[in-house]
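Next come two complexes built around subunit A: one with subunit B, the other with subunit C.
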Partner chain A sequence: MSTSTSDQAALGTADHASARARFSVRHIPLILLAPSIVLLFVFLVLPLAIIVLTSLQPNVLLTFDAPGIGNYGYMLSKSYYLAVIVRTVRIAFVTTLIGLPISFLAAILIYRLDERFRNIALMGLTFPVLTGPLAIVLGYMALLTDGGPLFGPMIELGLIPPLKLLGTETAVIISLIQFVLPFAVLTLYTAVSRIPQQLYEAVTSLGGARMSCFLHVTLPLSLPGLLSASIICFSLAASSYVSPYYLGGAAQQTLTTLISQFILATYNSQLAAAAAVLLLVVMLVTIVAITAFFRKFIR
Partner chain B sequence: MSARLSSLAGLLYLATIYLFVMAPILFIVVMAFNDATSFPAPLEAFTLRWFAAILDQPVFLDAAWTSVLLAVLAAIVACCASFLSAYALWRWTWRSPDAIATFLTSPLLVPQIVMGLAMLQLAELLGLGTNFAGLVAVHAIYVMPFGLRLIMTGFSHLDLSLEEAGQSLGAGRLQTWREVTLPLLRPNLVAAFCFCFMLSFVNLPLSMFLTNPSTATLPTVMFAYIESRIDPMIAALATVIIGLAAFTTLALEKWLKIRLVG
Partner chain C sequence: MNFTRRDTLKTLGLISAAYGLTLPGQSRRAAAAGQPVLTVSTWGGVTEEGIRKFVQPEFEKLTGATLAFDIGGQGARYNKLLAQRANPPADVFFSTDEAVVSGLKAGILTPATRQNLGNLVDIEDWALTVKSGVGEGQVAGAPFTLISYVLGYNPSAVDPTPTSWANMWDPAYAGKLAFVAPTHSQMPAFVILAAELAGGSVDNVEPGFAKLAELRPAKLSVFWTDWAPLAKTNDVTLAAEFDYYLDAMKDQKYEIDYVLPKEGGIGVPEYVSIVEGTDNRELAEAFLNLMMDPRVQGAFAAATYQGPTNRKTEIPPELAARCACGPRIENLRFFDPEIFAANRPLWTERMNLEVVPQWGTR
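Then we have the complex of A and B:
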């Protein structure tokens, strides 16, 4: 009985077997990808869709026919919230503008170090990423005060006037540059390290100086890396919470601290959702703009 | 002469950059060992009493335990899912592997506070409130791209023919995995786990809306504490975290020879 079935299976068509093989080859990768994709859909895409729907609902502060854009209309018509949006973009933009060139030069110089020092340098960049912003911002809160070890002695000697940095945009930007720097340098280091060494030799053999190496090889070939690095810088700065909360305070509210205020202080999840969507839109628009800007130079 | 001068200028530049990056971290560490009651304070004597003071605060100890549990679970979920995805992306050719990889790393671009808010609203919609499972889920999603990146790097150094060799020598698919593929990937898997663990362990914005007093994490408790005051004890706590990050970085380099890049 069992023999006959197995015989049948053996006789039974090569077609069958190959169909089964094709089934498994085609489906195994999908099954393997399923956990990640399902997790992302259930815990990221779906919740984000819920945020968008929530932002269209009336709430304790505003009444309108649901679904409607009343929350957005409210926030975009108040100068206070407009200032928050503009500040968020400005802080992230200045952070990127200062952080990117600093990081680029650092990445080039790290690549030129000999191997042992290069490894130490790269480790020195992984370490602050793993430390996380909370411990670092705590350091800044003490470091940037007028009585702190950095400015305290100088102010006492009358070398500089009291700076009152805490609670200003400058303090937030300083700490954000420190925060994005490791990410930017690591991204740009990867880009710089992929440039073929022969290109530099070609430029020097043609009589080019260091500067022309940079202008004709390093810079153009790093453009994709610079694109990614500026997107990373801007996104990290615009979405940072700890720095603007502690170093900017109530006077320097950004979209992220506004979201937490809506949830933790005024319990308005609809306005929080609208602020979250505005933040995502701001980031998306900027990423598209940055990409378009760099595409002009990337051939 | 000018070459030496410019390389000296380069070193000076790098030293400045690293001083800038390390300054707030070093300052916290110094303050944690300083025997003064205020913060920041001029240097007095060396002391370990602020570290001892942490042990008298059950709130911090409970929160630290919650954070460890949360980070371990999030890292396990993220690494398992990423391992399977990375294997699929490496083993099979796709029409658009980049599109799939981009989708899988998309959580990197979503602000963490928005992820936390989104998860809160999903939980409220389902009538779950602030529960631990939601916290694990959102942390796992957040660390997944980092895990995926490190595991994909491991696969990219792997030779597909090794797996075929194992199978042609008569090993089954599972046995090949267990005896060939997995051991070769072990350093990257361990690195991915450590990375995911640390990133989850120190994260504040993801957890802010999702914790309640019984599931408070170390960063949320520190956040609440800093709101009322800053003292050397909180610097000591931050120093413990800094030490953990330093140890992880060194361990990854020394034993696993794995970095984010390079």
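Then we have the complex of A and C:
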């Protein structure tokens, strides 16, 4: 079979047009993503690169050939800074460990509420987020003192010894659990609400009790939500500043309060940058570990 | 691509609008009206309120310019100047004398010309603590007020009344003391004071760190609100704090009083200085001069309990009793801000590494 030259030209033009159309369609996601990628590059990658480069410079405390890892070597060689890193991870880990089951339980209970009460509960849950952490933490400062309204009467009556909670990790963790709770509950509520009702009916029809529903339906199907919630809890707790600053104080430094100290008190942006990079590394490593842990159970 | 006149006008309009949006509301309106604007980098709260109330009207009348404010903690504002030195975000900068020393060295602040500051001749000598970084006919900045660091205590929980900085080490106050955090502006003063109490000196601060490690603070503070809730519940009964904050606490019905320790309270002159690279130098100097005006300082003292630095300032006796002024100045000690600026990074590091961990274990 043969075709005329004009037919071939027409076919060629049609091929080109369809190729162009395919090209355009294939590239639409890329074109749509472009603004986000540019924004990410300008406002995340670029500042991050500047922070990393700054962290490799000598400063008023340390002299070394730039660029170099002298700041990291210094911080990792001092037991004080190692203690700060460990404390940051410990506070975030304990907050996650306690906050996650509480949030999970709250999410399940809220989901089971009547729709009107459910909306009220969700609104109530988000209320502390709207007030911001500072007002809440200042409230905790008044509440957790030995002479405060919570413990004061019990201590005066001799029911409990003076607790001296302010300035301790315990005070920081208590406030952080409360701080991360709304974020975790909302994440888990979404996960729980997506579980098809038929699965519960299937378990019940096979004679399963409530615990079976939880163990064989709610828990396994909520694992992706639990993974997201634990990452959120850990990240928020590790990067929080207000609670460690006000309730922990200078004796309970975390990486965030240390960064602010380097920047605001001693104007040492190089050591501040090194501490910021360490915080980022700590968070990345932990998030990878959390993800690996949950992946084992997610089918 | 052709750019029409309309496109050009639109672009210019958008750029102007975008620039306008980056300015605070007041300066936006002033800039739009073609009125010169002097941007004041200062602390929020009493200082900002005082400037708005007692300085701004007079400044506007004198110069025809208006004021815009960049409010924040000293460290954050100082870092802004460092980061934006090519295009400084403010024209004048409020700070402690130590930050003036550091700022002049870092090239973000610049001295003022003495002859443009008519009120300077009436400023007390003790207020002019910044001596370095200035040439002939120049002054580092305008010391506009004096505050002092003293020993606050709860009169109904403390007996006898404390008399010395050494009282902070009394076992009776262990776990009941609010003390300066390593980041506090007066931390270097306490390194020196502790060294002296332990047999050292300003040139030998080594014993100071060991002595400070023996303290047992209940709370480390940067600002009085850090420990105020603990004072209400008697978890803090003794506190090293600025006099004017303690006076403000008294007005708020806190059970608090204060003494100037026998070794002397710490005198802290506060400065306003000119930002290097400002386009409004003339306005800046007019502002500095106004901050040293006796009427302005009198009004500031009445509103904030901050002592005047201008010897011509007249304040009523009942107010003088609550300010760092008059006979009280003889009981104040003025540290060299050069020493603070030169040693702060290393001393902060030593406080963190050697002292604070000891407090944590107690």
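What we mean here is this: the second predicted complex is superposed on the first by the 259 of 299 C-alpha atoms of A that agree within 3 Å, B and C clash if a C-alpha of one lies under 4 Å from a C-alpha of the other, contacts with A are read in each partner's own complex, and residues count from 1 in each chain.
Just so we're on the same page, a residue touches a chain if its C-beta (ideal position, glycine included) is under 8 Å from a C-beta of that chain, and two chains touch if they have at least 3 such contacts.
Since the model is a prediction, treat every value here as computed from it, not as a measurement.
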Are subunit B and subunit C a fit on subunit A, or do they clash, once the structures share the same frame? clash
In the overlaid three-chain picture, which partner chain does A:265 touch, first (subunit B) or second (subunit C), both, or neither? second
Which touches a greater number of subunit A residues, subunit B or subunit C? B
Identify the partner contact of A:246: answer first if only subunit B is touched, second if only subunit C is, both if each is, neither if none is. both
Once the structures are superposed on A, label A:35 by its partner contacts, choosing first (subunit B), second (subunit C), both or neither. first
Looking at the overlay, what does A:130 touch: subunit B (first), subunit C (second), both, or neither? first
Is A:60 in contact with subunit B, with subunit C, with both, or with neither (first, second, both, neither)? second
Going by the contact rule set out at the top, does A:164 touch subunit B (first), subunit C (second), both, or neither? second
Return first, second, both or neither, reflecting whether A:147 touches subunit B, subunit C, both chains, or no partner chain. both
Who does A:199 touch here: subunit B (first), subunit C (second), both, or neither? neither
Per the contact definition in the header, classify A:44: touching subunit B only (first), subunit C only (second), both, or neither. first
So the two structures are superposed on chain A. Out of 128-136, 164-172, 236-244 or 254-262, which stretch of subunit B collides with subunit C? 128-136
Once the complexes are superposed, what residues of subunit A are shared between the subunit B interface and the subunit C interface? 138, 141-142, 145, 147-148, 246, 263-264, 269
Contact set on subunit B toward subunit A in their complex: 6-7, 10-11, 13-14, 17-18, 20-28, 31, 39-40, 77, 80-82, 84-85, 87-89, 91-92, 94, 100, 103-104, 106-115, 117-122, 124-125, 137-138, 140-141, 144, 148, 195, 198-199, 201-205, 208-209, 219, 222-223, 226, 230, 234-235, 238-239, 241-242, 245-246, 248-250, 252-253, 259-262
Residues of subunit A touching subunit B in the complex: 25, 28-30, 32-33, 35-37, 39-40, 42-44, 46-48, 50-51, 54, 102, 105-106, 109-110, 112-113, 118-119, 121-143, 145, 147-149, 175, 178, 181-182, 186, 189-190, 193, 210, 231, 235, 238-239, 241-242, 246, 256, 259-260, 263-264, 269, 272-273, 276, 279-280, 283, 287
Quick one: in the complex, what on subunit A touches subunit C? 60-61, 78, 80, 83, 138, 141-142, 145-148, 152, 164, 166-167, 246, 249-253, 261, 263-269
Considering the complex alone, what residue numbers of subunit C touch subunit A? 73, 75-76, 78-79, 82, 102, 175, 181-183, 217-220, 225-226, 229-230, 232-235, 344-346, 348-349, 352-353, 356-357, 359-360
